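These notes concern the structure reproduced below.
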């Protein structure tokens, strides 16, 4: 499944970069993130509780950042597994400074889900992913903008 | 494992059991009360093989917990025939070849029971609409419609 | 020999079913309704991946759960449970090992990996979530066209490619026919993957008695006898000590014509634990791991002359096997291959059938099994040719039908059609709908911007699965007739009905032959312990082969009864009449012996004619000389809403010729059900896998089987052309509706949309697809 | 088929339900008719630790008329709404919508409150509730509040309900005799959910459309009011051309869903065609 979206964050590109790549800040922004532990080499072990419509699953897996080109681009690789299935994604993040203190982030990637999640949830997975990404950027925006203010 | 006591009346008989809250009503009927005429055909509340009448309403007993039925008056397929006489709907299914493998039949008959209670002389379209919640893979539904029409006429006298 | 008195009383009559009183009251017993003392419950952990190496399986937490009795994985049963078998014998066929539980690699989503046994089904389910499996994901092969490319990922390294087999045919002079053709029409067809979905899920209950060494298995199966033989081989148990019972079976449609890993594992667990073990399939398991049907991609060319004569057919058929062969997987597309000419005389045919492995559930027999695919191809091609020639779809069919006196007719694909009169059934269908007026009406509506479509499909199918040379595992059937001491008749048959109603139709056959009440007959089936020999119910064979075995056994016993009765009456055997429960000399009903008296005499055995042994029982194994070839014509009338793509199916007329009819009520029921399933394929159903081999239509929320509101009232008619290959003259009718209806409906929708330039549409013809076809054509 | 274990409570009052809800927080789910929740639990897509069954709560049931409004208890079943004389007399579009949901057995058990709270993007009620400008009464530990339908649906399966709140009543103004409405739907054939569902409610003076409201479900992540359609038609004559032109805007500015049953382009087309037909139906 294709993931493609654009987001605007009210902060300069370096700050947004920092929020998008720092484990501590990331863990505050990923919806349902219960744990994000750096294991080195841009790889993190994650425990994320994802829930839409009461379809909740705790996913354990890894998040890896690759092709780091600060502050303009990187690739995010995610793999997670729960009792209701698994998900696996690769997404290119592109950061562009639109205005001073405003950064456009473009996402382009692929998400694959498997197991029961795919069999009975196909109708909502795309929407759920979109919503989760939306919530993520809402939080990034909140944190990055708050930081700018302070 | 915490259990809850439930009391029900099924086909006129009283039942009292301690059940796990997650026990589905259909499993209660089949495994605890021993009434295996109510069948399980799907997991998503669509096929209707598990239909029974709970407090006057035809419901899918796979989408109800036994604890929700505490205090309820339940009629299953086993409760339709009286004194060895088939209910007119059961008779209609027999007369009009309204069944083949028979697996969907109990749920279908119970759903038809609700249909005729609410609409004693339905049109073919109304019958089909009223049985939308019951899947049959064998008959193509035509003889089921005929069976319900037979029953409607008989019940009207 | 005794003759039968007067006309048949029951054969041909719409006798209501003797099965029904128990079924309408919920008093019958399907596998899940059977409970044994100390019964344990089994669940299966299944792969979430379509293609992956299993790195490790950790079952410890599951084993420690209170109530869990045992957890086994593929390694635990290696060498103890044999490979799940494939009965197909095709030259060069690659047959992969098919372990009942995956050992080191999984090849489709849903493949069983581990089995849990617990004292309670709820606990067994809980335990599944506690098993941890680590996988190494592999690239998947899901698309048929991609799978045969040389750079495709290969599912079985040992085979080198994904091609399970190829089967070529080159009959006549195809190249010349194409060179001389006035027109060539070409089309690619996708015959989508379907999920059978009998309303009763599969289920198995097994009990092993260690003292006696007997294994009894209750299974929701169409083939208890095959299952008995195969289980004894898989588990290395003496076949005499294995008994398989198919109790009430809630539909099958081919999906229960198989031997599944769960049957082997549950039976193994029962022997190992010495406790009864039950497994009942959940619908979500059924979607992923009960066999699927269809799934072909066909590339077809047809050569025609200006007058509509079809001179040649050329096709490449790609058939999806899935990841493993089940019992008959590779055989199914062979039926497509054999039936490519359909109802037409086409002497030049070139085919290449390719069976292909992919990372999906295995395909196998689903109602129609190979013939709906052939019928779809030929009936669509004929319509495409007619369109190209500007000819009425009716005319081109008449042009290419064989004449009734040409039967038996050898076809270019090597089969010989037994009997037929295609003109008769087609004319009857055309008359029923008043075809000429319909076309006028269609033109009128078009001028008002309304899109009526008239779809025609004429078909011939291959049925009555026998003879043995053409049916893997044997094409005969066995029936036994025993007249008890009280004069009651027991019929034991190897066919295994699961909705078809042979408890009634077989009793009709016997009652007529003996001139007794149908109430004095009991038909027993589906129990290898009671009827030791049999093949089963599939391929529209039960009456054509099993019924044929029955009538012969019935007559054999009758002959002996007549001898005894003649002895009692001091009459000539040839003068005797069996009527109303009596046996008497023709014209002298007053001096009769009763049927029961003769039965008693046979058993008491003190007043038997010389050389006649006591008892009244005969078993006959019937081996048919050929398949049967039912045929017919279906016509559907649709109106399409071009703004939304919605199809309004207004009328459906089916004229089927299935030879002689035993019970018209049951025949109509079979036709209705068959049409509904074909209609399901045409309009609603389709298994969708994503590019990673994940099944996206894994529940009834996304996979639509027709509901009562989604099918119209069907109008059924018949013509009768008896089959010469069995003594009843029957052909079989279980699949006819499915075979003719999908192309009939596609032809109707394409006909409706022809003003837009639409020439073909893939199934299922969802509103989205229909709307898109209009957009694409414009 | 078998849910995970949970703790079960069957409160008999709203207060009791609310205190259970605040006690168990995120671990708890409210069970009403159960027709969304129980299937999800059986598949273990949902594994709530606590289930609060509100079926026995007094005061959440029934349908009544009060101050020119229809007051619908959250536990009113779809069947009650479909068959109620009061509803059929005052707001037949509600009965019509109810009749389009699921099947008989689902309508017998499923509730309007449960459906709205679950906020499935393809559910039927949201379209009609939006078009009728309903008020939703919500009770929580912090007291009672009323949310407009247009503010209720926030995101995919997400409503204005907080975790400790329960939807208790739906209030709909009973319109005058000039107002008519129609709900039109194309079913996704398997599930019965809406591929597109359009509720159009309008009042007219002569041929002129005075007020119009169009609610659309099934087309986007969140049900919405087709405000572009409404403004294109309000104050205009209800001619076939005007209706068709307005309906063309049914999917304007909307993020359209795509799944195996319907492409984005097709859903967009359906939104337009069904909007046109629903308005025509309401106007006729």
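Every chain is named by a letter (A, B, C and D) in the order it is written, and numbering of its residues begins at 1.
What we mean here is this: a residue touches a chain if its C-beta (ideal position, glycine included) is under 8 Å from a C-beta of that chain, and two chains touch if they have at least 3 such contacts.
The structure displayed is predicted, hence computed values, not measured ones.
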Consider the two chain pairs B-D and A-C; indicate the one with the greater count of contacting C-beta pairs.
B-D
Centre-of-Cα separation between chain B and chain A, whole angstrom
48
Using the average of all C-alpha atoms in each chain as its centre, how far is it in Å between chain B and chain D?
29
Chain A and chain D: spacing of chain centres that average the CA atoms, whole Å:
31
When you check chain D against every other chain, which residues touch at least two of them?
1-2, 4-5, 43-44, 190-191, 260-261
For chain C, what residues touch not just one other chain but two or more?
122, 129, 282-284, 696-697, 699-702, 707
Chain A residues counted as touching two or more neighbouring chains:
83, 116, 120, 122-123
Pairs of chains in contact (touch as defined earlier), listed by label
A-C, A-D, B-C, B-D, C-D
In the complex, the residues of chain C that touch chain B are 16-17, 19-21, 23-30, 32-33, 122, 197-201, 248-251, 253, 280, 282-284, 498-501, 665-666, 668-669, 672-677, 699-701, 705-709, 711, 713-714, 737
In the complex of these two chains, what residues of chain B are touching chain D?
1-2, 4, 20-22, 24, 40, 43-46, 48, 51, 57-60, 62-65, 67-68, 70, 111, 114-115, 118, 130-134
Contact residues on chain A for chain D in the complex?
52-57, 83-84, 116-117, 120-124, 126-128, 130-131, 134
Would you mind writing out the residues of chain D in touch with chain C in their complex?
1-2, 4-5, 43-44, 186, 189-191, 195, 260-263, 265-266, 269-270, 273-274
Which part of chain C faces chain D closely enough to touch in the complex?
121-122, 125-126, 129, 282-284, 643-646, 684, 688, 696-697, 700-704, 707, 710, 766-768, 771-772, 775
